[in-house]
């Protein structure tokens, strides 16, 4: 067993977990400021989380084990994704490479768990959210896979770490049309997958527009804490991935302490920038009508597909 | 052993005599069965002889039993046994009367004569005799419809067979021209007569056309559905199961003569066209069929068409498959007609939509009907599966790809139509309106044993390489020129 | 007998055959048709007799007597009994006589055309007459197709049969005797059966119009 | 007699014995006796398949009445794979049947049909010549056809399902017959060993490929020939549907592999494209239909079309890649096809058995009337859930491994040199991804609506766990899904050796490695990592739970209201509604909304009736017109036989004239 790699992965998970609520805090704060509000401060998500963990957990009569185990599965899948993705370093775990297909599947486990939690209590809104959530997930998947397929062609590998490493070695790739198209497509997919505007409004509780919130309506206490943290972690990890694809510099390629420190700082900087940008962007966006979302996703799919085509014809 | 050549004929005569004299009815009823058994036994004995390369022939040379004739005799016996035994109670009111039994025996005798004759002329006479014997059998019910069927049957049949006679006459003329006038198979088949090809061409074409009428090949099949649907069930079984086959036997014989003189193209063309037309007609008329006896009749047209394709293809596999098909089809179809006669007796109708839910209401009839239909549709282990596959592969491998392709499409349509009709007839719940509590009638309305035997035989014969396979091989050798 | 007389006799008998067939096509009266059929039978018997005389075979002469008995006497008698028992002896053909005659003429020409390759271009009078036999077959068939009455169909069938017999005698001076006997017996039986069926038809349908026989169909 | 021949002989003898037992045993004992006999047959099938798979060769042959036609059983290693699949599925189904069958499914004919069906199934991959192959093929068709009719008395749909099935099966049979005839014409023989001499690039090869592929595709239920599948599978008793869906349609896959690997290896690129297109369309269409269907068994049947579509897509990719000389990726695709086949056999078997248990326990097949079964039937729920994960291709199940392998072959097959590949592979990736996404929705819906939430009918409310044989059969299937998903390495190695791929290795804890592509997947390691990640979460949860145990209440939030009635839950139909809208153009549902206004004012609504009917577009647009045309033809052609004797005589006359003219030419 390669202990260094394991330690690096654990470190990466730790950092990501600590940072994830802050990323949400930054987006919310940015948004508040731009909208002329004072905002609750970037630490507010952490405070919410700790409060939730201390509260009593209620659950509906007659639910199955999904309602109690589901949140843990969601959290674990997000943690696993954080461990696999090249966020701080390109060093991968032995036997568990950060193969794109594996990462997507692990993410989907979380998606499925949330969807099942939504159905389990038997309330009308949970089913609604679950149904919409799964529809979006189903339509996002082609975009994600095709986009990364496009990115993997120059690298000759579907390992995300190799893709990022290739970009470090040959930065020209980043600005190639293939890369631009693919990264934009991937970014849209990430927004959809993590329930951000314009696909889903994370701060709404207006019944008819809820997606993610509808599924977790019946959860409380630590269940809700895991579900929230899990989704934040997922957002941070994916933002980190997109950031590293666009700006790979700073990423540690070996396991020295210095490199890791640089990598961590780089990650924090990138995430801060991206989170702020995301928050700023959301000020100007309205949520799409639910049945416009497939058009958006179709658009991003076309971008991804063009990227693949371009990768054959242009470079 | 040569005595066995005469056994079928004598048995038929005796049977006819017993049948027509007013012996005790109990006795009379078994004349058909007795004749059938006599034919079957002689067929087996002659086959055994033929397998031992010992071809029996009568003193005058008019009768002769090579492997092919013996095999056909077995087929006649086996199918006749199924039909007569199975039909023992199904022949209408009061066991059909004197004439009925006498005519059945005469019919069987005529068919036996047709396959045993070594002389084309005698064979022709015998085949014409079958028309005469069955005319009143078809019209047996004495209804207007039966009369109509009988009239059509006699006119179309006789005209067709007359054309065959014209062909035979021309063939005789051809042999006369070559200096040794003969109508003997043996002499004709050896192919060492210098015959005038143009005359043989005309002769063979006309003869095949004529016999194809009796064999039920389109476009001369028109009598068939009417006659089959109106005749008493055992008679339909006999006609469909063996009469068609006997006529087809004549076609095969003529084909072998013509091929020796002319090469295979003419006969192949005619048979392929006839086969395809038959399949097409059967397919087209089965789609919207409403009467289950007519359905069986058109299925016979289809099977004859298939055999015609097999004969057109020729070759060892093709011809063996055709011969095997004759037996399989005969047994299956006669069982089906026997059962359909019982259904008609029990339900009082031959309209499919009036029966419905047969399997639920009358399992004693529904089960054998379905098993026989499965056999007829060509599912294994029944022998029709093997013969169909053999015929189609032979047709394709011998250069009739397009023909086979069309045939496959038509076969699919036929299959679909037959399956649909059978499903309508047999499956589903009986109509609620008839009675709230469906009456389940488990009786089989007649002896079960002949059906069981016939269908079991169909199921196993394809796996019997010895002696059946060897017999078929020798029979095919007869057709291929050696005897 | 001289060859020319022989040829003339053959032509005469064969010509009579064709002529009677044409007349049968033309006439609507059943009785007349039966009479014509009898004449045709005589002509056929004559043809056989001429052949027998020419070939000096006693067998053929005997056969000619058989033909005379069957085709000129027995069958017409059987038929006329049937026809005479009914008042109505008018045939209403499906095709008017003129058209039928034209068809008959066309069929005769066809017969000549199709026979050429088999017979070759011999001057043999018998070979030259063969097409008449074929024409008779075709005209018989035409009668079967165009006539409505049961008796007319019988007549058509017999014309067809005469045609085959003509071909048989002209091409091969007949088939072997046993076959000839069998064939004659068969024809007789068929005619008898059809007679019986006609009788039943009369009882069932009150007429012998074949257009009534369309109950059995799909 | 070598071991393989011995095992095959034993299997045939046991099958004969099983038939006798089924026919003769008294009704009360029938399911035990016949069930055990079938189990024994399946077990001997597994042994025989195992021998064949491990490289033993042997031949059993018997002559027939037709000369030169000998029935031959001579399985090769590829055949061994499918014998094992067929036998293993039969084994589970037979075990299940012991606890499951009753009424008409326990009749003599149903047992005989089941035995004949499964025997035929196991003999198809063992066949060594064309006639034997077709014989087994038809036995399989016959047996399964009878099984579809089991409930013909009570379900009118059974009749039409059986009819569709019979006709499409016959179509498949005739196409195969034609295809084999083409090969036999070219080679002059009907034994498989002799058929290999046809060049795949010749016209003959092309014709044979098209005919055989269409024939096998029909059996495999590929679009647009799938039409029988969603009708027939639901009608058969569940143990039979399981075998049909998990094993029988695989024979289409086996046949296609036979064509592209054994008869005519090295097919041209267009073969690959044909298979790819056929498979891709089937995958997407099948899963789309499944995702919007509410009938449990129909949904599973459509999902079969999807999975078989993926397998064909993989085979197509393999052929295409091989045609451009990209061997490693081609082999990976082939391996993926086999993995998909095995994986599908495992999870679909379990799913159908589970579905049977649901129908058995609740009397309902409609998802809209189920719910809450997870609490009531925990074992079935567990088995069904695991199998559903497999069907959704999530880690760590067999489906995940198979799709991963497929994806790797796409990634590593990318090349700039071949335009067809450059177009085909990304499209294939997208198709696989969309399929996977929709499969996720489908199985979340299936499991979530069926097993979670509140029961939506009294049948579902009164459900109880099913008997032990039924439970165990489903659980063993589920265990296989996990086992194949956790230890893919050794299994992939065996499969690879069966099709002559050398480049597969086991790594780590039974993980799969494809050295020539430089990729590896160790699901066990992934699972351990996941557990390590989950550990702190569990610990925190446990600590928190000690202080605040969970408290059950009526709906905690419930939109601020009281407990809603179960009818207010989302149903399967409403769950699929968004997808239905998105794919409106493809699915074309018929919808009616009838609004009844109150008598007082037309602005007040008294009642709204909404009806939605979803029928298979391909059936409505493609098959119905064809059938209507055939029926019209049938009506028109009745005139051929209108009863007029004169007309009949005219037919003969014309024939006579034609013949006369032809012979005189």
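Letters A, B, C and D name the chains as they come in the text, with residue numbers starting at 1 for each one.
In this text, a residue touches a chain if its C-beta (ideal position, glycine included) is under 8 Å from a C-beta of that chain, and two chains touch if they have at least 3 such contacts.
Nothing here was measured: the structure is a model prediction, and the numbers come from that model.
Trainee: With centres defined as the mean of C-alpha atoms, identify the chain lying farthest from chain B.
Mentor: The chain farthest from chain B, judged by C-alpha centres, is A.
Trainee: Count the touching C-beta pairs: is B-D or C-D ahead?
Mentor: Higher C-beta contact count between the two pairs: B-D.
Trainee: Any idea how many Å lie between the Cα centroids of chain B and chain D?
Mentor: Their C-alpha centroids are separated by 43 Å.
Trainee: What's the distance between the Cα centroids of chain C and chain D, rounded to whole Å?
Mentor: Whole-Å distance between the two chain centres: 69.
Trainee: Between chain A and chain C, what's the gap in Å when you average each chain's C-alpha atoms?
Mentor: Chain A and chain C have C-alpha centres separated by 99 Å.
Trainee: Suppose each chain is reduced to the average of its Cα coordinates; what separation in Å results between chain A and chain D?
Mentor: Chain A and chain D have C-alpha centres separated by 35 Å.
Trainee: Enumerate the residues of chain A that touch no fewer than two other chains.
Mentor: There are none in chain A.
Trainee: Which chain D residues touch at least two other chains?
Mentor: Within chain D, the residues that touch at least two other chains are 638, 640-641, 645, 649, 652, 656, 660, 663-664.
Trainee: For chain B, which residues are shared contacts with two or more other chains?
Mentor: Within chain B, the residues that touch at least two other chains are 151-152, 155, 159, 163, 202, 225, 285, 288-289.
Trainee: In their complex, what parts of chain B are in touch with chain D?
Mentor: 151-152, 155-156, 159-160, 163, 201-202, 205-206, 209, 213, 219-220, 222-223, 225, 266, 270, 281, 284-289, 316-317, 320-321, 324, 359-360, 374, 378-381, 383, 385-387, 389-390, 392-393, 396-397, 401, 404-405, 408, 411-413, 415-417, 419-420, 423, 427-429, 461-466, 468-469, 472-473, 476
Trainee: In the complex of these two chains, what residues of chain C are touching chain B?
Mentor: Listed in rising order, the residues are 114, 117-118, 137, 141, 144, 150, 153, 157, 160-161, 163-164, 167-168, 171-173, 175-176, 178-179, 182-183, 185-186, 189-190, 193-194, 197, 200-201, 204-205, 210, 213, 215-216, 218.
Trainee: Could you list, by residue number, the parts of chain D that touch chain C in their complex?
Mentor: 638, 640-646, 649-650, 652-653, 656-657, 660-661, 663-664
Trainee: In the complex, go through chain A and note every residue touching chain D.
Mentor: Going by the criterion above, the answer is residues 9, 13, 53-66, 68, 72-73, 75-77, 79-80, 83, 93-97, 99, 101-102, 105-106, 108-109, 111-112, 115-116, 119-128, 130-132, 134-135, 137-142, 144-146, 149-150, 152-153, 156-158, 207, 217-218, 220-222, 226, 290-291, 294, 301, 305, 308-309, 312.
Trainee: Please name which positions on chain B make contact with chain C in the complex.
Mentor: Listed in rising order, the residues are 62, 119, 121-122, 124-125, 128-129, 131-132, 135-136, 139, 142, 144-145, 147-152, 154-155, 158-159, 162-163, 165-166, 168-170, 172-173, 176, 181, 183, 196, 198-199, 202, 225-226, 229-230, 285, 288-290, 294.
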